[in-house]
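The letters A, B, C, D, E and F name the chains in turn, as written, and every chain counts its residues from 1.
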Amino acid sequence: MIFLSSPHMHGGNSIQLTMFSVIIALLPAAMVSVYLYGWLAVFLLTTCIGISLLTEYWMLRWMGKPTKPVWDGSAGLTGLLLALILPAAVPWWMAIFAAVFAIMLGKQLYGGLGHNPFNPALAARVVLLISFPLHMTSWIVPMHMDASLDMYGFVTSLKFFFLGPEAVKQTWDAITMASPLGYLKTELGQGVTVSQALVNYNYSTLHAFIGREAGSLGEGSALALLMGGIWLMARHTISWHIPISFIGTVAVLAALFNLINPDAYAPPMFHVLAGGLILCAFFMATDPVSSPSSSIGKIVFGVGCGVLTWVIRTYGNYPEGAMFAVVLMNMATPLIDYYVRPRVYGYKRGKQHEL
Amino acid sequence: MTEFGIILLSAVLVNNYVLTKFLGICPFLGVSTKLETAIGMSFAVMFVMTLASTASWIIQQLILIPFDILYLQTVFFILIIAALVQFVELVMHKTSPVLYQGLGIFLPLITTNCAVLGVAILNVQQDYSFFASVLYGFGAALGFGLVLVLFSGLRERLEAAPIPEVFKGSPIALITAGMMALAFMGFAGLVKV
Amino acid sequence: MFDIWHKIQQTLHINTTSGFTGGLVHNNQYKLTGGYPIVACPMPELLMHPIKQHIGDPCEPIVVVGERVLKGQVIAKAQGYLSVPIHASTSGTVEKIGEHAIPHPSGLGMTSIFIKPDGLDEVDESLHPLPNYRSVDVVELRERIRHAGLAGLGGAVFPTFIKLVHDQKHPIETVVLNGIECEPWLTCDHQLMLEKAHEIISGLDIIMHLVEANEGIIAIEDNKPDAIVVVRKTLVDMGFGEHIRVKVLPTIYPQGGEKQLIQSVTGKEVPAGSLPLHIGVLSTNVGTSKAIYDAVCLGEPLTERVVTVSGDAVSNPTNMLVRLGTSVQFLLKQVGVESFEDLKIIHGGPMMGELLTDVGVPVVKASNGILAMHRPTIMRAHHDEEPCIRCGDCGEVCPAGLMPNLLAQHCKEDQFERAQDYNLFDCIECGACSYVCPSHIPLVHYFRYGKGQVSQIQREKTFAEESRQRSEKRDARLAQELAEKEEKRRVAKEKKEARAKALAEKEAASQAAEVAVDDATQDVSVAKPSLDNKADVNQQDDKKAEDKA
Amino acid sequence: MTTLDDTPNKQEIFADGFWHNNAIFAQLLGMCPLLGVTTNAENGFWMGLATLLVLIGSNLIVSLVRGLIPDEVRIPAYIVIIASLVTVVELTMNAWMHEMYLILGLFIPLIVVNCAILGRAEAFASKNTVTNSLVDAVAMGLGFTFALLLLGGVRELLGQGELFGFDIFGSSYPDVLLFILPPGAFIALGFILAGVNLVNIRMKKRKEALAVQQAEAAS
Amino acid sequence: MSFSKEQQKIALTLFVVALVAATMLAFVDKLTQAPIAEAQRATLHKNIKQVLPAHANDPIRDMFVYPVSADENLQVFLAKDKQGDVIAYAWEQVAPDGYSGSIRILMGMYVSGEVVAIRVTDHRETPGLGDWITKDMKWLDSFVGKTLANAQWLVKKDGGDFDQFTGATITPRAVVKAVHQGLLFYKNSQADLLKRAYAPPAKQAVEGGK
Amino acid sequence: MEFLYPVFIFAALALVIGVGLALASRYFHVEGDPLADTIDALLPQTQCGQCGYPGCRPYANAVAADEVSVNHCVPGGERTMLQIANIMGVEPKAIEEEETVPVVAYIREDECIGCTLCIKACPVDCIIGAPKQYHTIVTDHCTGCTLCLEPCPVDCIDMVETPELLEHWSWPVPGTKRAIKAETRKANHEGES
């Protein structure tokens, strides 16, 4: 018999429950990705999830730990999220590389669930972006945009996934296109105004909202993501602090600068809907392990992510700033936890001074 | 004014000494196991690096160039830095024990720190004005301090993690530093040169 | 999501009158015994009275083995200020005074007084009823409450009389009666309010009279609508409509925590390091209030209390009026629990109570519930600890505004200074954090461990400091002794010489001269030792070192 | 670890400097050039060589003048000695190996502050005989060069599929830029250090096993 | 102020060490001055040779400085044949609008206004995307022999003659634009350049030294 | 030899620096070592001498002077060792001896002959008694140093485990087995009686 302290009741929440809720919340987005990229999306999703689980299993075996945590859902979730933030164009070996990197370096070498300082999926994506910039900055044309592109059937997709564009008699340039954010960045560099560039791109806010623009697998549909995200908030799996402060900060900054110079700074709606902001804000920045744990810390984290996202998108080399912003803020998480604490009952805000 | 802003931004984030220029890695790895020490070290480095870039500018402009003895650059700089550090340490020890407690113990470490000599050499290579070079030294040190403090926060967290035996200690610290460098690549392009 | 402003207030921990920050909502289905009348527990074979049943100093037994005692007779008298006496809960003979297990997590025993009831239940009449309490002196009233052995029945068992003082510096404006009973399963206060509303309110009036407060609030959670109705009605019946009222609070655990309750009721926080009385509030449990009434108006000291006997292993749970000292085993037998295999018994509520290791322990003043639970039910809560995923749920429910996950981590790593920096000692151990943790981390256990270690370290430090002083004093004393010895030898020698000299100076020398010489040498000796002392200490140290080497 | 009291034999000093006390693997010193120049094995080799030369020179001179230099100016004096040696190497490389000089760039003058060199001067040469110091310098320098070569080789191999400029993995190998860029340097070194840990743990285990065997045999 | 012997020793030690060290360096410096200068020249020559046709002179010695504007000078290197006639120029052209900053391009130009070759000397483009401009020889060779007239100076995407790279258009666009500008500059100052090229070397040397 | 002139500039600078440092080392010289005080404050003050020094203060002095490693105080245990290692900035080392359960001395009074030898031995003066009378130990003050055992001519002093007090009980770390504790306690009880 061991010493057992109160409480002797438990609310019933568990890691597994949490993880599987998030997976369920991501299903709409995954379905939209299949709608946009057909079998290609299916291959990518299965590869990432499968390899993640396998890597988790092997790492646990190698370290001589029990292998039960493979089924707690966190590795599967990492794989799923990883697939959702990759462009549909990545070949099989890159997907495997990313999944192995995410689970091995991103998670298990740090001691497994709960100890990784960086978001594993995002870390893997950043590595891919740095290592293979070509594949990671060009996006496959979604199914509905170009009916002439025969890319999404089972066989062609399989060939493309394993053998590359030559195998399906396509050139890279013909099947890929720029994402709205990338396009806007290029055009702004050419001296084109924001509104003109958006017209040239044929950008539509509605399409971005329901998910018909090119981009990473899962970031297409704001609608699907919001559905999942709001459900998670309602279930209390994630709290509102990070998503709201993150998206809010980006929107406010964008609105402010758009007001000052509408030709050079994109409007807030564009910033929010185009690209992976919503995915990042609801599902990646909220990764409990790599974000601060107090509510107020979460707000600081969200605001930091927002500012960095906007700055990198606007001034930096990477039109997809949200991802870097989250990884950068991951670094600051321990410090936020240390310096930004909730006010303790009976104390004045700030330090240990009594009320 | 924007010029100075750009110098600072570039030195702190975009061309961070530790993560992109590989300078000052030894103290970065050595003094980052505890947050408090890291903060102390950061301040000490800030102090010395600003001093070093100031001194190197003066020597370069007043001695090395007029006498055309650029081949003595390294010896000149390092001697001045070593002497300055030691002098500061002595004075601090005597006059302000509190400050010495905080910063003094790091000072000898700093003499043999690439970042300090690096800032002196890179600084004069860039042909900055006096004020800009002081700012550059300060910015580089600020960048060093920033990543050092962030890194120590992360390492404190790693302390408690069940990391596999062979990766415990420096291997995982280096991998973490690699991840930080990855993240810092996100700042690329903020300052166009 | 929808009440954003409220959520923001909660996040930023802004003071609000609409309640305390954090907290969680329990499933109400556990309140099984609400509405069943209180039944009296029969007389057991043996009653055991541990000599300390309150916060503070233990009592001293004043009876001897074999002595006959009456119900309500003091059997152990208070020692020191922070202490209240203990009374026999029935008449009988003292059988034994010795160690016995008590409801305490350590499983350690305590000196207890065993009384064998004689079945007569003869009452000690020394404390006569005093229905007209306004007529007596306040000081006497307080002394009476102390004498009746009253300690808070809400769980903390703090000697009640200490709270009931009118302090000029901190006048009490509001007296809050704690009828929250936020623990699941427990309903003793609930039932008490239904049945003894009149006594409770009278007790409140006594308290208000004692501390000269003019506002009384009875706080009840909205999951006890019947109690709210009854108490309101009784208030009207008794004509207390003006300055005593019922305040209905939302059902959030731990609404019943003193500080949380005060914040919910008054909107004020008790500053860290202060007591409620510093902000002019006094709070006490409804049971305590009833006991005050009993002690003052009926002249009955605290010998019995209402205990919820329940749990999922109990087929017919009830609230029982139990004599203090009755064993838990006996109590559970009354509700049909005979075998304790595969059962776990909780003393108190499931959120803050303790698991018992021994069912022989007696019911004490602090026992508000005895829960017999199936083993699996309990062990589900004590699921294997998984790694913290830092979800922050624990911090969100913490009523004290702490960051339990980091706190526990630091305690786990024995970094107690860090833990204190994260306000370890502001944790009220309510258990809300452990309750919600998806990783089943025994957070409260870590805090208790941390707190224990900190006080142990503190104790060791004090002890070390004392030891050092003692050791230094000893060294000084030895040095002094050595010096004195030396001095004495020298003086003796000088004396001898002087004497010899004096002898040589013919016998004509008078005695007075000798005395003068003596005086002079003594003067010298006063000035010298300090120097010698030092040298001696050094020498001694050196010698010690050599010895060691 | 070698200490002052027991006169260490040359072999021990060498093993110590090359492996047990290796500047990179054990002391984590001299990291900047290690990470900065090792985009391929060749750069690593030359950098290592330059460091080796300076190390030999500084250990030699410092052990020669040991005892002559008062404590207060010990560090400035050593540093001046090291710095002038470095400048000699720098000027020489500039004159006769200009291309490598351009590639190694800033990191040549920074040899001065390579913590490993001053560290050796302080910790070893200033307390040991000339020959021992020389052995130590060679061992240390070789150990450092080895580390540079290793990291450079790993990065070149994984990054470009080449080694010393020769294609190893074939032309279909995609360049993994990660390993050529700064982050990869850290990560690759992390893995190398993990490997070193592994080797050390194995070695220790073997030694223990041996000791147990011997003990058993003896009994 | 009096010094104890100890302190005299402190100061003197440092003095002696510095004196010896600096003297040694002075000698080494003297020894290496000439080889270093030669090595630097050789390196520069190697670069320039890549963008110049076969020549009989030393393009670096024959370099002259051409003022483009009030505060901007251009170093122009010359290639001459055996007769001493100028056959080509080389200078550095800067493309300010690369993806992450300026790109420096060394371009060689026949007297006729035809590109000899171009090389990228410095850039900050993304590795793996924009940095093909240093590695893709086929692409670099596509500039050889181009004149203002015989090519459309745009990337193919914009309707011109030059390839872009997959996934990277901005970088080649910037390079093409810069080379085009170089050609335009040459067209405008052709005569001037020629005049300077044939000016007496003594005078140029003075100018070049500045 | 003209090229040697700049050499003198450098040497002159070195001389100036040398003089400066020499002066500084004289004027900013500091005495004393607050380190020993800090360490002393951490030691348990048992004065048992197990560290090989005559008491805690001498050990603190020795540690502060780097003469002895940090792991010799057995009563202080691991916690003290870690704290000292932290202050000294050295790697923690394992305590050489097993940590023992806390004990106090106990005199079997009927056997005590009242020789007062133990009184002289006790470093904290916690034994009371007059010559030729029973001596008693003030348990609350006994540090358990065992120094009184040896001088006793009739071996009437025992070391007994400090009794576990309810007031001093504290929660063990989660996962601690209860049964074992109860058993040992029982065993102790039996040993005592």
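One rule holds in what follows: a residue touches a chain if its C-beta (ideal position, glycine included) is under 8 Å from a C-beta of that chain, and two chains touch if they have at least 3 such contacts.
Please read all numbers here as calculations on a predicted model, not as lab measurements.
The set of chains touching chain A and also touching chain E is given as B, D, F. Among the remaining chains, F is positioned farthest from chain A, on the basis of C-alpha centroids. Set against the Cα centre of chain D, the chain with the most distant centre is C.
Annotation: 63 Å between the Cα-based centres of chain C and chain D. Mean C-alpha position of chain A lies 34 Å from that of chain B. Between chain B and chain C the centroid-to-centroid distance comes to 54 Å (mean Cα coordinates, whole Å). Averaging Cα coordinates per chain places chain C and chain E 84 Å apart. Residue positions of chain F touching 2 or more other chains, listed in rising order: 6, 10, 13-14, 17-18, 21-22, 25, 171-172, 174-175, 178. Shared interface positions of chain B, defined as residues touching 2 or more other chains, are 71-72, 75, 79, 83, 86, 160, 167, 172, 175, 179, 182, 185, 188-189. Shown for chain C are the residues in touch with two or more other chains, namely 105, 357, 412, 442, 445, 448.
The part of chain D that touches chain F in the complex is made up of residues 72-73, 76, 80. Contact residues on chain A toward chain D in their complex (touch as defined above): 105, 127, 130-133.
Contacts from chain C toward chain F in the complex involve residues 104-108, 110, 357, 385, 412, 414, 442, 445-446, 448-449, 451-453, 455-457, 459-460, 463-468, 470-471, 473-474, 477, 541, 544-545, 547-548.
Contacts from chain F toward chain A in the complex involve residues 171-172, 174-179.
Residue ranges of chain A in contact with chain E, taken from their complex: 131-134, 137-138, 172-173, 176, 186, 189, 317.
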